[in-house]
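Below: the structure, in structure tokens.
Labels A, B and C are assigned to the chains in the order they are written; within every chain, residues are numbered from 1.
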Amino acid sequence: MDFSFIVTQLISGFTMATLLFLVASGLTLIFGVGNIFNFAHGSFYMIGAYFGYQLVSVWKVNFWIALVAAGAGAGLVGAAAEFLFLRRIYGRAQEGGFQILLTYCLILIFDDLVKLIWGTEYKSISKPSGFDGALRWGDLSIPTYNFAIIVIGLVVVIAAWWILSRTRSGRIARASAVDREMLGSLGVNVPLTLTIVFGLATALGGMTGALAAPLRSVTPGAGIEVIIDSLIVVVLGGMSNFWGAWLGAVLLGEVNAFAVAYVPEWATLFSYLVMVVTLIFKPEGLFAPTRLRKV
Amino acid sequence: MKPMLRLEALKKSFGGLRVTDEVSFEIQPQEIAAIIGPNGAGKTTLFNQITGHLAPDGGQVFLQGQDIVGLTPQAIVKRGVGRSFQIASIFPDETALDNVRVACMSKLNQTRHLWRPVEQFNQATEQAHAILQSLGLERQADRMAYELAHGDQKLLDIGIALVLEPKLLLLDEPTAGMSPEERQLTRQLIKALWAQYRLTLIFIEHDMDMVFGIAERIMVLNHGALIADGTPDQIRSNKEVITAYLGEEA
Amino acid sequence: MVGSSKYKFGLLWSIGLVAFALVPVLMTSRYQMNLANHILIWGLFAVSFNMLWGVTGMLSFGQALYFGIGAYSIGLFVTHAGKAWYLAAIPIGLVTAAVLSFLLGLLVIRVSGVYFTMLTLAFAQLAWQVTFKWYDFTGGDDGIQGIIPPGILSNKMVYYYFVLAIVFLSVWFLKRLAYSPFGLILRCVQQNPNRVRFIGRSVKMNQLRIYVISSVFAALAGALMAGVDNSIHTDMFFWTTSGEVILMSVLGGINQFFGPFIGALILILLEDLIGAKTQFWPIFLGTIIMIFVIVFPKGVVGEIRHLSHRWRTPGEAGGRHETHASA
């Protein structure tokens, strides 16, 4: 077993984990705060990737500016979607089902719109200048861009954790998961909060899409795998568990990286396997404290 | 004779808040007991621990001598404990008849049948009609449960509980939200049901007419603790009870 | 009144049956019969799906898994074991679906709500991945062609009536189920699971039962489909297939037993119409369904019934709740 090989896989897995976590946290943020399940979250990831493509490859904007702009663009689309459509179904009986439906419609529309605007061929974004090389340490070679992703990811993670636990907005966000009405009676503008949070979550998803784009190609229909990956992360980490989700993402990223290295054809099977095993033995998440089961 | 229900030093806390504080009492078969206390005294929480909805932190609950702590609500129902809820727990999109009929079919173990229509199950249907009649809801049998008046929904709730022929029936604020006339009717109804079905009855109430009207035994809860337990006369003259109620009631 | 609605119901039922039976007689092109065949099969698929969602409140986004199993059971047997296996493959597929849905069901009913939905999606996608990648065995993205029903069933018209008969019997069975004690307890599970426990029934066991039943009928629909287009494709496992029955149910009305069937009819006809004019059918579909979700949540059948009820009994408050799976 080659040391540098293992390290390469570890880094690659960690990069993947970062991307997974960034995407999954957008999803869990809006679910935790607004009790909205954004089934179309993957579509915003995709939109972010396309915005990134348009900005970087077509309009030749600086990569890092484009990254933020793509995220912002996706966020605006998300906020608009929430304001125009999702808002109409709040408070309905069976709201969860209708949410999934509505966001499913968004997937259909966005996926096709993207084809309409950009066509169906795979697009690509090149890595930003200065980051297309690799760091070398003897035998080891770590692509600089992967490194950048990991750093960005860590920054976002720490910032998110800080905001959620240390600031008033963060506490409000965590509290609103419990009861929208109660929050309203505390003087918080609930509709505005939901729109903003939704926008932030989709911005995060879109930015991640743009961030990941140089590593993969930009295609329509990438969305569903994103949702499932996020689901696996959440199953592993537990739905309401911030650090658990992060650990879950790391686990999934690493499992995936090593699986791809050894059994590339069946790598995805391993991810599912890990999820199934977790569900059977520890449905509340691998890293959640074992809930005292009520007999 | 074994008591129908015996609680021994039952306790429960949520976070730092003690919601059930070493509550102990015995209820004899066919006794009618009322549990009263200011809002937030922990009355419903107490019920929840008896019916298996909530696990106590400590203490014991004996049903006819058997320890029932840790059993699922289903299992406790099968042992003869029935319950109605503060907010009527019914099936809103079924008819009043079906609300009771589904319970009847459950008792007769008929809910697995998947071919014959519900209407053809005569025994369950007749039983359901009988119960609706004893509740005075017969005329509304074919109305959707969500259309029923709030008070009737609460009666329906009781009806569903009665189907399972409980030995012990726990009613959580059965007259809440009713008009004075409805309360009086319900009071008489509950007394009649108690006699008809030979129930041991414990009810939570704020309606003092009902409490002093039909209960032979009153228990007073405050801040999770049992501060008084006795006959109506004893409770009426109990100073602590008066303070608890007048001092804290909103 | 119950009596008159039963009479009216029997009438609609008969009209529908006759209408479908007349298609091969009145059609002007083979294509129409093929379309009607699709409507029948998707109608069955959607109705069986709605037993899970509209009736019991379980939004499964993975019924395509069983649909695919039904279809691929035939496809794989015919390819690897010989054409003689066509008919035998059908019950084999159904049993496979039953066993798999039982095992998976045990797993997925441990969670509820969005979690349940996403989990069913994940498993169906897993099946898609496996089928897609296992080229040697399943033909992967090429699918399997040349699946021809044996004997007289190879005649398209005979096969059409075969499908009609099976769909009719299946839907009839599911309708009886909806009105049986089991159907009642399922609706109660959706409306008040706590109370169901308090009358001594297991919520989970009932959910498992309907999950298996629904999945077996999904597999049956898949098996029938294999013989209509004489080919199968991995797309049958894809999440959009699971999505189709969901959309059909919404369109028709999830709280009406026949809603999903009507939804299938409308959706397939619409797709035929609009799909011929543009390749951007998904945008239309998404927009239409979104309009329904926001403005007409009761679906076509539901809204029509609601309107006709209001028309006949003016002044009466409209039903706010409508989760009752009625005819």
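For this structure, a couple of remarks:
Going forward, a residue touches a chain if its C-beta (ideal position, glycine included) is under 8 Å from a C-beta of that chain, and two chains touch if they have at least 3 such contacts.
These figures come from a predicted structure and were not determined experimentally.
A simple rule picks the central chain: find each chain's mean C-alpha point, then take the one closest to the mean of all protein C-alpha atoms, which gives C. Farthest chain from chain B (centres taken as the mean of C-alpha atoms): A. Put simply, the C-alpha centre of chain A and that of chain B have 48 angstrom between them. Centre to centre, using the average C-alpha position, chain B and chain C are separated by 42 Å. Centroids built from CA atoms put chain C at 32 Å from chain A. Residue positions 72 of chain B each touch two or more of the other chains.
For chain C, residues touching at least two other chains, in rising order: 321, 323.
Taken together, the chain C residues at the contact with chain B in this complex read 2, 176-177, 179-185, 187-188, 191-192, 194-195, 197-202, 206, 209, 319-324.
Those residues of chain B that touch chain C in the shared complex are 51, 72-74, 77-78, 83, 89-94, 98, 101-103, 105-107, 110-119, 121, 144, 146, 160-161, 163-164.
Those residues of chain C lying in contact with chain A across their complex are 53, 57, 59, 61, 107, 110-111, 113-115, 117-119, 121-123, 125-126, 129-130, 133, 239, 243, 246-247, 250, 280, 282-283, 285-287, 289-290, 293-294, 297, 321, 323. Chain A contributes residues 31, 37, 85, 88-89, 92-94, 96-98, 100-102, 104-109, 111-113, 115-116, 224-225, 227-228, 231-232, 235, 239, 265-266, 268-269, 272, 275-276, 279-280, 283 to its touches with chain C in the complex.
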